[in-house]
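In order of appearance the chains are A, B and C, and numbering begins at 1 in each one.
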Amino acid sequence: MTWIFENWDRFWEVTEVHLRLSAVPVLIGFVLSIPLGWLASRSATARAILFPVANILFTIPSIALIVITPVLIGAKILDEINVIVPLVIYTIALMVRSVADALASVPGHVTAAANAMGYRPLRRFLTVDFPLALPVTIAGLRVATVSNISMVSVGALVGLGGYGQLFTEGYQTDNSAKVFAGLIGTVVLAVLADGLLLLLGRVLTPWARTGR
Amino acid sequence: MKRIATAVAAVMLLSACGGDPLSGGGNNNNPAPTDTVVVGSANFPESTVLAEIYAQALAAKGIKVSKKLNIGNRELYFKGVQDGSIDLIPEYTGVLLKYVNKEAPEVGPDEVYTALKKSLPQGLTVLDKSAAEDKDAVVVTKQIAAQYSLKTIEDLSPYCKDLVFGGPPEFQNRPDGLPGLKAKYNCEFKQFKALDVGGPVTVAGLKDNAVQAADLFTTDAAIKANEFVVLDDPKNVFAAQNVVPLINEKKASQQIRDTLNAISKKLDTKVLLDLNQKLASPDKPEPEKVAKEWLASAGI
Amino acid sequence: MGGWLFDPAHWSGPTGVPVRLLEHLGYTLVTLLIAAVIAVPLGAFVGHTGKGGFVVVGLSNALRALPTTAVLILVVLWAGLGDFPVYVALVLLAIPPIMAGTYAGIRAVDPVAVDAARGVGMRESGVLLQVEIPNALPLIYGGFRGAALQVVATATIAAYTGAGGLGRLVFDGLALQEFGQMLAGAVLVALLAVLVDLGFAGLQRLTVSPGLRPVGTGGKR
């Protein structure tokens, strides 16, 4: 803990990078997983393809994906995109199932009523289906976020920033205080992000709060 | 609708907290403006503290500096030097020469330096070399040295096939690694264990006898602290390895050259030993601080 | 990648692919065993008594947030090299899904069945072992399979601190910038994960009562 106080500038700098490297993939991955999840909720064929692919993608070790990315997308080895692309892929792999399950769980009679009231498909999706699917979606988003925050550290093995830098440097210099500082940072960040999303979910779904 | 707007605002706030993407300095891996010098370092503490010394000295002269420290081994970071992600990095003459020219036969400090200057790819150059030297070495524990009466690697060669060697993964392939030991000393180990880059894991491996011989750096404080024995290398598998700045020629302004050359004049092997000792001391000071203190004491 | 993977030289010797595969499988199975011994009783007890669910969920979430790399490094710095740090890090990773799956499974058991069991005079232990756990098996398996996937993927990191397993292919490949080797490691890990999951699916088929299998097409799996 004292390491954090004694090296506050460095700690904060590392936190900023870690936050950016986790938040950006979660946002991009989430947005991209919505159409895919929607497809999977509508079509059994889509489900049969997307779910197994998602499962397999998630088992590819993050370090391997992070190192291969620059070769695949022709980026320079130290570009942040080399961590962002793999994390987007992992987020999509995690979220596709969540979004699909969430949309599939929207009660049929509600969507039928909306259709009967004359809602056009897009408006219905945005104002009826999606909000009702939020609780399950956010549950998935929380897992994806915590998972991302943990995985960003792997980027340090190829020189990218974030708390992982504290892990590798601490390892090289036999400095457990530094590693511990990075661990605390990661856990606190994860707990805060998780809590924020939980709160967001509560705020966005007032109807779920009644009648506990 | 209102709730959605609040949510979107909250999400944007969260992503905005990620920091200004254009903030230079620090290890944030974003492309820096073109007049900034990006200083990199390899994945071991000595490289990092040298990089800090270069970076702080340049910054003190008003040059814009951005740091990308602790990247990885040369096989990884050299690509970054070539593609311009890194402009300046502390290097070691002998190893770098063998990296760009596997067959290079030179071993003495001056020949190695001259050959290196000639062999580097277009656009890259090295500035003045320093007297400071940090070589890879085959190291054994006091007990093993006594057990087999070892003074040089030559003494070790008859026993290699019964022993396990530990070192960084790249040691298996580098011409000044296992292949060199095999070629010059006919030493082929029973097994190679990939540990770390002359760090605590390798030291622990030697102490616990998980490996009987290992690749450590000659300026590593752990050698003296653990009474390890550095085996002599009469056949020069490890050529001279003087500390030298590797720099992108486009960024090598006269001011930068002068500043770095002045530093190289002040660096010698004793300084390296000293710096490593400080880094390894129980209170584990940050390389930035150790570099600052040295620059102050060296009057730069 | 084909070049590296299909080179017979890489399949023989103490550092060949089969050895790494077995090491990786070994880490996974031993981890799941240890995690099961810790997580199943905990999850079952809390699920059965209905008390402390908050602790289970909280602990699960907290452990999920732990970066495995950091745990691995800390244990190595403290306890030295070897397989012990690997197991500590991986077991901590496997506990949340197994515990959560067990807890959820037991909570989801039809209260009518539990009530009936008590009604015929079963002791609490009997209720737990003969009614609740068998009925909770699908979700418990779900927890194990989720844990297995994570462990197989994350065991790759163990090679960073000198351990064995398929991660060695990835890290050595990284150090040597040999993409063939790295890709081979990544592909083999994914393959192993699929195989382990299939293994669990088979086990599930054998041990879960047919009455609990999802009826009709699809189901949630």
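Quick note on the criterion: a residue touches a chain if its C-beta (ideal position, glycine included) is under 8 Å from a C-beta of that chain, and two chains touch if they have at least 3 such contacts.
Keep in mind it's a predicted model, so treat the numbers as computed, not measured.
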item	value
Selected pair, greater C-beta contact count between A-C and B-C	A-C
Most widely separated chain from subunit B, with each centre as the mean of CA atoms	C
Subunit A and subunit B, separation of their C-alpha mean positions in angstrom	35
Between subunit B and subunit C, centroid-to-centroid distance (C-alpha), Å	38
Subunit A-subunit C separation of Cα centroids, rounded to whole Å	21
Touching two or more other chains - residue numbers and ranges from subunit B	72, 76, 196, 200-201
Where subunit A touches two or more other chains at once, by residue number	157-158, 171, 174
Shared interface positions of subunit C, touching two or more other chains	76-77, 161, 171, 174
Subunit A-touching residues of subunit B, taken from the complex the two chains share	3-4, 6-7, 10-11, 14-15, 17-19, 21, 26-31, 40, 43-45, 48, 68-72, 76-77, 79-80, 83-86, 196-197, 199-201, 279-280, 284, 286, 288
Subunit C-touching residues of subunit B, taken from the complex the two chains share	72-73, 75-76, 168-170, 172-173, 191-196, 200-201, 204-205, 208, 210
Residue ranges of subunit C in contact with subunit A within the complex	61-62, 64-71, 73-74, 76-78, 149, 152-154, 156-157, 160-161, 167, 170-171, 174, 179, 182-183, 185-186, 189-190, 193-194, 197, 217-218, 220
Complex contact set, residues of subunit C against subunit B	14-15, 76-77, 80-82, 159, 161-162, 168, 171-172, 174-177
Subunit A - residues contacting subunit B, complex	7, 10, 13-14, 16-17, 19-20, 23-24, 27, 76-80, 156-161, 165, 168-169, 171-175, 177-178, 196, 200, 203-204, 206
